[in-house]
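Just so it is clear, A, B and C label the chains in written order, and each chain counts residues from 1 on its own.
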Amino acid sequence: MGTQATFPLNSWYAAAWGSEVARSLTPRKICGRDIVLFRRLDGEVAALEDACWHRLLPLSLGHLRGDEVVCGYHGLVFNSGGRCTYMPAQQTINPSACVRTYPAVERHRLVWIWPGDPALADPTLIPDFHHNDGTEWVGEGGTFYSLKCDYRLVVDNLMDLTHETYVHAGSIGDENITAAPFDVTHTDKTVVLTRFMIDIEPPPFWKRLLNRPGARVDRWQIVNFEAPSTIIGDVGVAVTGTGAPEGNRSEGVNGAFLAAITPETETTCHYFWNFVRDFDRDNAELTAALNKGHVNDGKGVYDQDHAVLEAQQKAIDSNPRLPFYNLNIDAGALWSRRLIDEMIAREAPAVVATAAE
Amino acid sequence: MGTQATFPLNSWYAAAWGSEVARSLTPRKICGRDIVLFRRLDGEVAALEDACWHRLLPLSLGHLRGDEVVCGYHGLVFNSGGRCTYMPAQQTINPSACVRTYPAVERHRLVWIWPGDPALADPTLIPDFHHNDGTEWVGEGGTFYSLKCDYRLVVDNLMDLTHETYVHAGSIGDENITAAPFDVTHTDKTVVLTRFMIDIEPPPFWKRLLNRPGARVDRWQIVNFEAPSTIIGDVGVAVTGTGAPEGNRSEGVNGAFLAAITPETETTCHYFWNFVRDFDRDNAELTAALNKGHVNDGKGVYDQDHAVLEAQQKAIDSNPRLPFYNLNIDAGALWSRRLIDEMIAREAPAVVATAAE
Amino acid sequence: MGTQATFPLNSWYAAAWGSEVARSLTPRKICGRDIVLFRRLDGEVAALEDACWHRLLPLSLGHLRGDEVVCGYHGLVFNSGGRCTYMPAQQTINPSACVRTYPAVERHRLVWIWPGDPALADPTLIPDFHHNDGTEWVGEGGTFYSLKCDYRLVVDNLMDLTHETYVHAGSIGDENITAAPFDVTHTDKTVVLTRFMIDIEPPPFWKRLLNRPGARVDRWQIVNFEAPSTIIGDVGVAVTGTGAPEGNRSEGVNGAFLAAITPETETTCHYFWNFVRDFDRDNAELTAALNKGHVNDGKGVYDQDHAVLEAQQKAIDSNPRLPFYNLNIDAGALWSRRLIDEMIAREAPAVVATAAE
């Protein structure tokens, strides 16, 4: 791997769906750190270093007793604050015996972990993924755990949707995407990529959802990146001429794709995704069908990305030619990577940060 | 791996059960050395370097002809002393053409190999594993070949039996072990760990063997380590108050666990084990059941250790935090490792040995 | 791997059977280079670097459109000369946007690739494998792709056929091979190994083909190596005393084995083989049977070599003892390796070439 960090540590990263964390021990690697997750008796999620202070056995191989974790090797006990509360066959407990804890917050159906300096872990910085809540929007979602690529390749992928034309032809991709102009704006924390396709034949996926046979549409993709690695894409179509570009979406259908991409290691990541909609919300059959359209035993839209992303990482690993060459379409991805680089630089020692300018 | 050796070479290591070495070629890696074992016509075991002098093909892929090994590639022949006795298509044999031989002795049902300097290979140094012989004690035994951990982790495991409480709860482990005091003594070659648990409820394993319903017992664990990696544990229970601590075991049952742990590489080992008893010796059904209780498709007592040991090695490989932190219970393991380190230091060049002091 | 190159780049290497290259994209690694092969509309074979200029995705994951390759990620298009002819969502094409092309020539049923300097790729240097053409000789052939050994181990194997006695006993190998004298001659590009076995019992393979019950034979093996890695072996038997050594083969049967051994990486190779004959040429059943005798689910003659070659590479990887020791029988292999080394040295920078003298 490189000598340069590839991800910032001072950030909230999705670590699990809330429904996955129960009264048991769930191991998860985040930013190279082995972490064990469990739900306390009060319902809160705790996150500890997944290695016993004593002999490094993963605590996740032990068991939960109340709010404490009992190591599966010699029975050392750690409370949810990481402090050792029991050592076998001795009365005195070494006061330095503890494992690291990680700030953990459950919000918007996901558990978010802060792998960096706990003093900086401000919950107000958690990305606004309210679409996941099931109130205004509806969708199931899923995760590719241990996807074999640098998390930034997923950011590249989502911040340039022209790939839909080639990777997702026949469902959401067609030549109207590459033909349409797009706009990229940014702040020091966000990038927005906006593309409107006016008066086009809707692609099959949206044609079905709109259900207006014969109608031509305006299609929009407004993709919001928040550094380092969460993306919300506001997407949909409306009957052309009814004012969608100006903000009137009443004659259309609106969806959103959510992506929280968490580095597992430098070359693998966990990709938490969801596709939500704000119409026909009680149609459970449609909800299930939309999820299946995304991930479906290798045949869904995200499965197609999965194959491309892992092949790309493999090529990077074996190919000394770097960095990438870029096209105009990469503007969104380039700005996103620049914000990521700035976050990393801010964490580096002063001298390195200077060099990175 | 480290720059420091992790095992001494001048030592006898168990390489195979005698019953495994027949009139055929058995490859085995010991201390990083590829060795081929076979039984000569006179019944003795021979051990040669498992790589043809000519082009390195493992000799174990060839075949045995009398007491000679014929290479499977070009037919070079080596006698059991390692000397080449035939080269294809030439009359003259290069006198330097030979493969290394290793001192090999069959004793106590095991074949012992000396990977270091042959001049130092004194058979009287072979550990006293007479319990294996089937005369005084009875037991089957088995091997975990290529167990994926540093052999010293197995030493740690056996030199601190408090792990039984957590890893082997429900069979041999309970809280009486951690509650009882223990004593550690050592010489320059051995460590003895002694623990008596007085007037306790016997754990299920021993309760069945003692077969005195309702009786409370004294339980003992006297674990004898001999550097670098053999261990004999004298274990058992007797009806409490009948004098077991003072040496009278007539009202009890006595077993012993034997372990010969042989480095295969720096991070893998062969673990030869046996559990023997000196009572009800003709009960073949009990012998089989005791063996199955130790290794049984992942459900036996040693299978539980297997899982812990490999998980621990994995954690060490991925975790830069070293060395281990220690507890009082680690006294036996710490002394054992110290004796191992001293053996290694004695083999190192003078200057290194000095630095290791 | 070593610091020394193990193969020359300025050479024609077999990359595929012509029949394998169709109107689709075939990935193949040659000398560490990822290459995509396809057949153009005019029937010629094209070979491009298998990594998109833009983001490195293997072009072989895209699709063919006419004579152009469309990348499967963002739709960049490259013509068969490697030049980018389309970029998504932009009018101007970066003139430097191209992927490398490799000289490719289809000859003697094989596709030959030149991984080195294209200016030196002279088609007249392609080895004369006319035996493959199906005109004078007949045979099917096959390939071991990604054989896990340095291609030079296959050269060693074929340039010393005494191994047949041990690896192929019972079919083509017997003790007459090792007993017979042999002769090795060489030029700066070729090595010829000649062995005649006079008045011998034919081995089973040849006995069947000759079909002269009871006849003793003269057997010949005339193995022609051309640097760096193609070999044609002229082999056969004739009734003894009928003049085969002097050139009259009318009372015998003649075959040839062809081998084009292509480095895939430093420690893997593609082994294109064929066994052809010039008699009973319309007997398709015999053709199929001869092929099956060579590769047959692990039971054929070449399957036996396969096992030996991979075991040998494994031994080399784990064994610091180098270089090989040699026997008289290695004369052919030694000269072959010397010619290979000279080719490599000629490609190295001047100072290195000097050092290699």
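One rule holds for everything that comes next: a contact is a pair of C-beta atoms (placed from the backbone, for glycine too) under 8 Å apart; a residue touches a chain by one contact, two chains touch by 3 or more.
Here the structure is a predicted model, which is why all the values come from computation and not from measurement.
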item: Interface composition of copies chain A and chain C: same or different, split at half; value: different
item: Magnitude of the superposing rotation for chain B and chain C (Cα, nearest 5°); value: 120
item: Centre distance in Å when chain A and chain C are each reduced to the mean of their C-alpha atoms; value: 48
item: Sites on chain B at which at least two other chains make contact; value: none
item: Interfacial residue positions of chain B with respect to chain C in the complex; value: 34, 51, 53-58, 61-62, 70-76, 87-90, 94, 97
item: Residues on chain B engaged by chain A in the complex (per definition of touch); value: 156, 160, 162-163, 165-167, 178-180, 182, 307-308, 311-312, 315-316, 318-319, 321, 324-329
